[in-house]
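Pasting a structure below so you can have a look.
Lettered A, B, C and D in written order, each chain numbered from 1.
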Amino acid sequence: MEILHFLGLENANIPAQLMNAIWLGSLYSLFALGYAIVFSVLGILNLSHSAIFMWGAYFGLAASCGTSVYDGKCVELNHALWTAIPAAIIGGGILAVVIDRIAFYPLRKRNAPRLSQLISSIGVAIILVNLAQLRFTAERKGFPIADVPNTPINVPNGLDIEQPLDVARLALALVFQESGVSISPIQILVIIVAILLMVGLSYVVARTRLGKAMRTVAFNARVGNLLGINTELIYMIAFFISGALAGSAGILFALARNPAVDPFMGDSLALKGLTVIVLGGLGSIRGAVVGGFLIALIEVYINTATKYGYLDQAFVFMLFFFILLVRPQGILGQPIEDRA
Amino acid sequence: MLTLQRVSRNFGGLAALNAVDMIIPKGQVIGLIGPNGAGKTTLLNCISGLDHPTSGTITLNNKPIHRRGAHRITALGMARTYQNIRLFNEMTALQNILVAQHQQGHSTLLHSLTQWPGHWAEEKWMRQRAMTLLDQLGLQQVQHVLASNLSYGDQRRLEIARALAADPQLILLDEPTAGMNAIETEQVGQQILAMRERGITVLVVEHDMALIAQVCDAVYVLNFGQILAYGTPPEVKQNPEVIEAYLGKET
Amino acid sequence: MWGLLDSLLQPILDLATQLLEPLLERLATVGLSEPVVQFMLMNAILGVSIYLTLNCGMFSLANAGFMAIGAYVGAILTTQHGATLGEALLYGMLVAGIIAIPVGLPVLRLRNIYLAIATIGFGEIVRLIILHFDTLAVEFRDSKIFGPIARPILKLMVEDVDARRLEITLGARGITRIPVYTETAHLVVFLLVLSYFLYRLHHSRMGRAMAAIRQDERVAASQGINVVYYKNVAFVMGAMLAGAAGVFNALATRTIEPKAYGFDKAVDILAYAVLGGLGNWLGPILGGLTLTAIPELLRELREYSGVVTGVILLLIIVYLPGGLTSLMIPSFWRNGGRYEFAKRVTTAGVVLVGLVNVLPYQIDNGRILGYEFWGLIIGNMVIVGLLLWVRYTRQRQNGGHFSLPLMGVGITGVVLFIALALVGKIDHLAVGYYVHLIGMALVGLGGWISYPAEER
Amino acid sequence: MNKFLKVLVSCWLIAVVMLPLSALAQDGGEDAPQIGFWDECANPENLEGEISVGAVFSQVGIAAPYGATQLNGAKLAEQQINESGYLGAATFVLADEDGGSERETAIAAMTKLVDETGVVAVIGPTLSSQAFAADPVAAEQGIPVMGVSNTANGITSMSEADDVNQFIFRNSLPEADVIPNTIAVSVAVLGIQKVAIIYGDDDDFTYSGYTVFVDSLDENGVEILSEDTFQKGETDFSVALTNIIAEEPDAIVVSALINDAVQIVIQSRQLGYNGPIIGGNGFNSPALMVDAGDASEGVLVGAAWNIVSQAPLNVSFVEAYTEAYGAAPDQFAAQAYTGTWLMATAIRCADSTSSDLIRDELASIEGFDSPLGPFSFDVDRNPVHIPVVQIVDGGKFEVFTDAYADYFAE
């Protein structure tokens, strides 16, 4: 209890806040992973990532709601809710590849400076946000509330072992006895998907031939070419994965925070994703995950334990500032050798 | 003039330089040879301040320089060229020289803004000096050509001119004849000798043993980050350890 | 001293005002009213502010933060102390510059993306601090350690330091009732002086040193250039200019709020510079002017204007690597021989036509291309088609004209448009009309240019 | 035919002709109530041609969701004004320009309307910060401008010069008028003693709302347990809400715009909080019930406009709007609609396109019956009408009365 007092946490609902941190961290990590992949393979910051995130949510919405979302709110589902998720993943992936072909490929071809690539990604972001506004209006949209299983799992609530979702509920009930922890099935889904994707990606990058090729290209595209790797294909795959991650983050977020889909939904994450990958180490997959959870923890801690909750973002940026100064490569990044 | 004492440089766990001792006397041309990857460029980087030794000391005219930034070392009278040419590609040949005279100039932005008379005099003087240098190296024809558009030989020569522009007492040449034909190499040899005549000390890294033999007063041989041998060019050529290092490399 | 400066400047400003009047009237007819022109000029200053750092090889995005500092200093001085524009400008620039020094020293050790991200962080911190300044000020005032330091500083900002609630930056509500002192003439004179300054910088020892740092930092260091010093000088100068732009902005909009100077603004500023081109100092000025004007010129497109702005940004970045100014540099056209020259001329022509194909010029009181969604789509598809055509025209070994069909397209375009104007079908000869004509002429010219056979 | 018969036949003829006419007159006059000062001001005689009134609403950027419904409301009013011949021979033209979501864009739009389009008056812009920046552009040239969604303090006294302020109006009830009433009523009915506040700290609307909340809570002797903030675009409030719920407040007081409001309501219910949630004008949108569903039950909303009000004018407005746009109007639409009618009324009563006369007529409007209720301007050109306190009950807003005293009792 001494330590809790010292940390300013004596009045806090710690299990509940931990749960919040885990959920937020999963979301941040999932979003930042896509950022990190493109950065590690191509060395560019794709600022349209948040726009892909937003479009992923719209793809999902359109897939399960049908065309009714063009003009108004989605009143009833045309297709099953789950169709939204593959639609967002595939749509996001394809969108990212298209963006690469339009905005990055020509620049890469003539060896343009990174700066131009950053600007062209900004141009894409402007276009995508405005297109979304044209197509779907600026109004916030979502799935019909009744169809999304985000009634919280409150412990202890009535459990129904028949229901698969209630198994998770039971598990939670065992972990947090009556501690007011509440989390919805969709949030659990986000956490599970995030963890699966992170593990899967680490596996792909570390173990498979594709991963090896990606790492080679990331290290030096020319070397990759010499080794007979189709670098353009690798770039395309990297963009697809990145877009798919953004899209899945978008739709999962849209489901968990239903209704949450509007053309600006990616804005606040754009900057946060940036801090996440810098904290974790630019281009490091594991770094993005660690950074995501770290930032979520810091935010939750500052909000819970101090009276400076309104400065939580400032604290995050300060920290990130100092980490950059002390360890520019981030927490898990490889040191950058400045070659003579 | 330049003294290195037990200079080491580690990259991670890898020792690129290991307790190197070197003395470069004033007014001489000293050669530095060694197989690829022996640590020659690392050594030059440490001397010129682009890199810093992990341990050991380097003194120039009895002033320690191993912790100083590159620009302060240049101010003490050292200049260098690069193995892979590193000119300012977006500038013309003339501008490249003008940049290198930075330490010779004194005018600040305020002078320039107010059209201070001294500023004009200085600009004019710098231009004249640059033109003389370009003349000396046969580059006056291409003074307004962008460095990136120069021919390879011209780029090499411009690098030397740029090094000379800083008015150095000690000049480090990193493979000045790499990729040149015999005639051009010969010209570079002449220029090095001309530098010595003007009292400039030269440290030259070279693979071309003929050139070394032609211009150097003494030669250091570096292998695996350590000094293997020292002596006049003929002495070094006959040193069995040196032969082994080179042959071992070749087989 | 101040009065003397004022009396010296006033006639110049009056003269500038007089000279500007007809120009402003002309601009207003194409949709660029005087406030818009003012914002264009401010953004040109911002473009220069980031150019100074980019020109020194530093990818800094801190300028929106410094702009915020300048704006708040200017607003507080004019509303609380009755300062004039000159005083506000002086102190705004000074404060921004002074804050830039401790920020720059550590941060400028970082490179590229790392520097960019660190400076984005700085901008956000500035925004958040301004947002919560009043609360923080009370905290500091009441703190035992910082109180003695904070009090005198706060005394400069409010009359009653001991009030329960301090109202300095007023949080999200922002400062209102800021007097409007900024006039177009001020901005024009400021920008002219700035241009002279940049021109001189370009041809001075310091300017050369900065250019050298941009091109190769380490080699520059071994040419005897104090890289850290010059980087910091450029950073501070950039900060001061951004501060000046902030002061002008605050004293033109009557009200300021922290969110106007956030991440979006930082990105906009970067876009001004890159779009205009970093090849020389005219680029960022041109970029700032153009990028601010485009959405206003496209006002008629209403909801489509955002998309079109983005497309234009993308087109320039992709097809004009050196930005808008590269069009003005002779070597851009000369490099690569006549074939490349022809290719560039035609590309430029198509881009020009692309720029105006969405602008409002009228035929038969109906708009051709643009306004209507499908008109816009078709117009842009034609432009993209032409661009692809130019791109994939192959260089033939035997030489010859670049592309006679393209020449045909260009000439047809020119003839058609002149004819339409002659028969009175185009009743409003706006800028767009002339730009379109020039663009088509360039397409024709480029197609006609011949190149010699390849040497074997 | 004798004289008597002649008179009789004439009377009969007259009666046959006149009766349907009088019936017609009754149709128009009594059954459907007509908004406007039809009787207070005579039919205009001098007006002709097109009379342009500018509208600066945000169509792009962060304020676009509000600007969109504002434009809808104003356009509906424009259509009704012209169809009813409210301005006599003249046509009322709503010259709308996109105000963007920034100060600069609002200034540009306002300048264009005033200098080029030549409007006689302007409605808008959407955001208060835009109003501070752009209103003087019109007001300094003597063109009246009326905010229909500007709630920040000092909008109508923004300038140092009173003759400029004279031209700045608003019909949007500031939070300072709505919230004290809301707090007083809810404290009186529910006996609230301690509350927690959560508000958006980077937006002038929500920030102003927060300061008024704090003051009126103080006045009513309610203890504030904690204050939490969020920023625009944040969609996850679970951390702050977990903290708040741990403090066990009697009510959660929220100053937020509708999108954030919906999330806060949903998430606090998800976290197991079932007590009252008190909000201001920002909550007053049908989206609250549509998007938050059951979670919105028991949310108290102080507002300038009550959608379920059975006042005839309000019913006809809601009907017409729903028919035209396929969705129920929100407060922004209602205020823009009323604002447009107010402007048209000023033009009608002035019977002139002189901006000075229009201003004077606007300032003297009193007891104008509108969807917002009977409407007048005070001497400072701020709106005078009675705010309402509503509660979400059974999926729709109901007027909050003593009957709800036991609503939250378990």
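The rule we apply is simple: a residue touches a chain if its C-beta (ideal position, glycine included) is under 8 Å from a C-beta of that chain, and two chains touch if they have at least 3 such contacts.
This is a predicted model, so every value here is computed, not measured.
Colleague: What's the fewest number of moves from chain B to chain C, given that each move must go to a chain touching the current one?
Modeller: 1
Colleague: With centres defined from CA atoms, tell me which chain sits nearest the overall protein centre.
Modeller: Of all chains shown, the one whose C-alpha centroid lies nearest the global centroid is C.
Colleague: By mean C-alpha coordinates, which chain is most distant from chain D?
Modeller: B
Colleague: Measuring centre to centre with CA averages, how many angstrom lie between chain C and chain D?
Modeller: Roughly 38 Å, centre to centre.
Colleague: Quick one: chain A and chain C, Cα centre-to-centre, how many Å?
Modeller: 32
Colleague: In whole angstrom, what separates the CA-based centres of chain B and chain D?
Modeller: 77
Colleague: If a residue has to touch 2 or more other chains to count, which residues of chain C qualify?
Modeller: 132, 218, 303, 306
Colleague: Spell out, as numbers or ranges, the residues of chain D touching 2 or more other chains.
Modeller: Residues 60, 201, 232 of chain D touch two or more partner chains.
Colleague: What parts of chain A, by residue number, touch at least two of the other chains?
Modeller: Touching at least two other chains: 130, 133, 310, 313, 340.
Colleague: What does chain C use to touch chain A in their complex?
Modeller: Touch residues, chain C against chain A: 54, 59, 106-107, 109-110, 112-114, 116-118, 120-122, 124-125, 128-129, 132, 135, 218, 263, 267, 270-271, 274-275, 278, 303-304, 306-307, 309-311, 313-314, 317-319, 321.
Colleague: Please name which positions on chain B make contact with chain C in the complex.
Modeller: 48-50, 69-75, 79-80, 82, 86, 88-91, 95, 98-100, 102-103, 105, 107-109, 111-113, 119, 122, 146, 162, 166
Colleague: Which stretch or stretches of chain A touch chain D in the complex?
Modeller: Where chain A meets chain D, its residues are 11-13, 16-17, 20-21, 23-24, 27, 71-73, 130, 133, 137-140, 142, 145-146, 150-152, 154, 180, 182, 184, 253, 257, 259-260, 262, 264-265, 267-268, 299-300, 303-304, 309-310, 313.
Colleague: Using the touch rule from the top, collect the residues of chain A that touch chain C in their complex.
Modeller: It comes out as residues 45, 47, 102-103, 106-107, 110, 112, 114-116, 118-120, 122-127, 129-131, 133-134, 270-271, 274-275, 278, 282, 310-311, 313-314, 317-318, 320-321, 324-325, 328, 340.
Colleague: Given the complex with chain B, which residues does chain C contribute to the contact?
Modeller: 197, 200-201, 203-209, 211-212, 215-216, 218-228, 331
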